[in-house]
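Note sheet for the following structure.
Going in written order, the chains are labelled A, B, C, D, E and F, and every chain counts its residues from 1.
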Amino acid sequence: MATLGLIEYADASPEVKAVYDDIMTSRQTDYINNFWKALAHDPGSLRRTWESVKQVMAPGALDSLTKEMVYLAVSTTNQCGYCIASHTAAARKAGMSDKQFAELMAVVGMANETNRLVSGYQVEIDERFRT
Amino acid sequence: MATLGLIEYADASPEVKAVYDDIMTSRQTDYINNFWKALAHDPGSLRRTWESVKQVMAPGALDSLTKEMVYLAVSTTNQCGYCIASHTAAARKAGMSDKQFAELMAVVGMANETNRLVSGYQVEIDERFRT
Amino acid sequence: MATLGLIEYADASPEVKAVYDDIMTSRQTDYINNFWKALAHDPGSLRRTWESVKQVMAPGALDSLTKEMVYLAVSTTNQCGYCIASHTAAARKAGMSDKQFAELMAVVGMANETNRLVSGYQVEIDERFRT
Amino acid sequence: MATLGLIEYADASPEVKAVYDDIMTSRQTDYINNFWKALAHDPGSLRRTWESVKQVMAPGALDSLTKEMVYLAVSTTNQCGYCIASHTAAARKAGMSDKQFAELMAVVGMANETNRLVSGYQVEIDERFRT
Amino acid sequence: MATLGLIEYADASPEVKAVYDDIMTSRQTDYINNFWKALAHDPGSLRRTWESVKQVMAPGALDSLTKEMVYLAVSTTNQCGYCIASHTAAARKAGMSDKQFAELMAVVGMANETNRLVSGYQVEIDERFRT
Amino acid sequence: MATLGLIEYADASPEVKAVYDDIMTSRQTDYINNFWKALAHDPGSLRRTWESVKQVMAPGALDSLTKEMVYLAVSTTNQCGYCIASHTAAARKAGMSDKQFAELMAVVGMANETNRLVSGYQVEIDERFRT
């Protein structure tokens, strides 16, 4: 169970409700993830984290699907079970196909492998990669 | 310096030269990264790793730019200096703009933050995210 | 289930019992965590690890609460489920309030984010930070 | 060198200058770290990250020194060279003594060790630690 | 449940069945792990990964037991629950005793501790360790 | 430079000198690594860490070479530059050949790859791997 428990909409303070409302409006859903309900015990963190996520994940130079796949790639590298589950769902909602998922995982796996080969062999950075 | 040193093209065995040639042809370059030159001390690993990278990074359901940005996202999460330098170069070659780079970093940073918030608050996976 | 199972007090060798007794006395409790019961299959590791934990976690220049919160911060960064659960309990026992917990998590999250921003942007260490 | 280079105060846009000014005022210094100068290429990220850091690191239920030491503990666990250097400086400025530093490192080391022992032995979470 | 589900032998395509058959023959077992059944949704990744694992884990300059213990050491450091469980089983099948397991864990724990002490104290590499 | 600097033998307190002497005797060398010289600012940590390393790395059910290679595998996974450099030297001193090093790196790379594939595909632990 979450350390401080989950705060349901009905039990939320007006400050928390305002964030919940914005999440639901922005994401066009009537569902609030457990993550936000857990974070709601600290309304300042809830608001700051949500505002940051909303700003960072908005389509810009990168589209929403790419951003969700990058989020999933990081969560997989960190092996965060909750994040993998929730961002797999989010990436699918943004249009990720099974084939895209499989290719994404292949890149994530390969990068994790070569990151260690490079470190273990103590390879020096090529002069041309020094910006 | 690399643990086993770097093997230059002129000093390479025919087996290693064949991989070097394929890298240069596939990437349309006459440059071989230090990574491959370090790995060349183990020709079997060199061939296997190169064949895997070539297969995984080929455009498919995901294009080359997306794959390079995911590679960079993983390398940044793992904080692998060499990999960040070389895959920043590769992503730029594949077309990554400064603005795309900045948005990529923002997503990587945010994912690393929320991965820990979720874990630290011990948030349970929502029923609907269990596939 | 733990790889080698758990050794209960009643089934423990005198050597293991002596460590269990010291844990209970030092912590003023009659409870032994599963961690120690799992480690008890290797009495040498059990003793060494317990002696180290006891020495490191004793109040000194840092008080017990600070030390427990640092332990929790590290465990959260590593996303170790068991460690987060047990050290949340330990930190609370040492006096951590819900508000302190929430601020702790906020710092942990922020540090994990900026660690990657710094690495990904390949920021050089400022001259004045080189000791 | 930083991927996008560093933006000095004199060359900064008014939007970036405003953040730099706030950093210098808040920290009572005339020095801007390379981190902010690198991030300044993305003024939105610069502002968002600085506002978050300022909010999170402000003394509250935890004092500034504790927060800086937690930041250092996370950076050490992640092995982020820049972050270790800059937050060691920041923690010292907030009052960290050499003895506190040494005890902090001892806790960080111990937590990283036991995190793996727990995971490797596959220890189940004690019923009483499930909140 | 696995993101894309598991593909059982009876439901597998000839391409996937061929890999399953090779796994069973090479490992002298009639059992296919869930890992392969999950990966089978991407037959190219399944084949590539299996071929790589088969090549890398074959006895050579290092014997099978040593390789399995190294695999377990890495999985423990990364805290991958599935991998710890499956490679503990594999290492035991290769002959790992309880005493070897306990010593392995002790080394893994110690290395994770000193890795952070070195990083946190910002220790410079000794001249003689620069190859 | 190391955060607190390095303490040379000539400048060491009797307590630190005693540890230095034991390191040199145990390792049959007249050289003290920078790691110990950095840690010497906290004589309690120096003694505890050295005693632990000495106990854990002593040949037992696993020989010295295997233990050094496991240490290197962990350090490579964590990408600790100092530790990779010093434990590559230690493993070589214990007899590691270039071929063993290359096979070790191949296993480390592969494990880091499959750890993420397993996590990303959300593969459930096989019933038979639950001990």
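Definition applied: a residue touches a chain if its C-beta (ideal position, glycine included) is under 8 Å from a C-beta of that chain, and two chains touch if they have at least 3 such contacts.
These numbers come from a predicted model, not from an experiment.
Among the remaining chains, those touching subunit B and also subunit D are A, C, E, F. Compared with subunit E, the chain whose C-alpha mean position is the greatest distance off is D. Taking the mean Cα position of each chain as its centre, A sits at the greatest distance from subunit F.
Inter-chain centre distance (subunit B to subunit E, centres taken as mean C-alpha positions): 21 Å. Distance between subunit D and subunit F, defined via averaged C-alpha coordinates, is recorded as 27 Å. In subunit E, the residues touching two or more other chains are 1-4, 45, 49, 52, 56, 77-81, 85, 88, 99, 102-106, 108-110, 112-115, 117, 119-122, 130-131.
Every residue of subunit C that touches subunit A in the complex is listed here, in rising order: 79, 88, 98-99, 101-103, 105-106, 109, 122. Within the complex formed with subunit C, the residues of subunit F that make contact are 1-3, 5, 44, 48, 52, 55-56, 130-131.
Subunit A contributes residues 3-4, 41-42, 45, 49, 78-80, 131 to its touches with subunit C in the complex.
Contacts from subunit E toward subunit F in the complex involve residues 1-4, 31, 33-35, 38-39, 45, 49, 52-53, 56-57, 60-62, 66-67, 69-71, 73-75, 77-78, 80-83, 85-89, 97, 99-100, 102-104, 106-115, 117-126, 128-131.
Per the touch definition, subunit A reaches subunit F in the complex via residues 72, 76-77, 79, 81, 84-85, 88, 104-105, 108-110, 112-117, 119-122.
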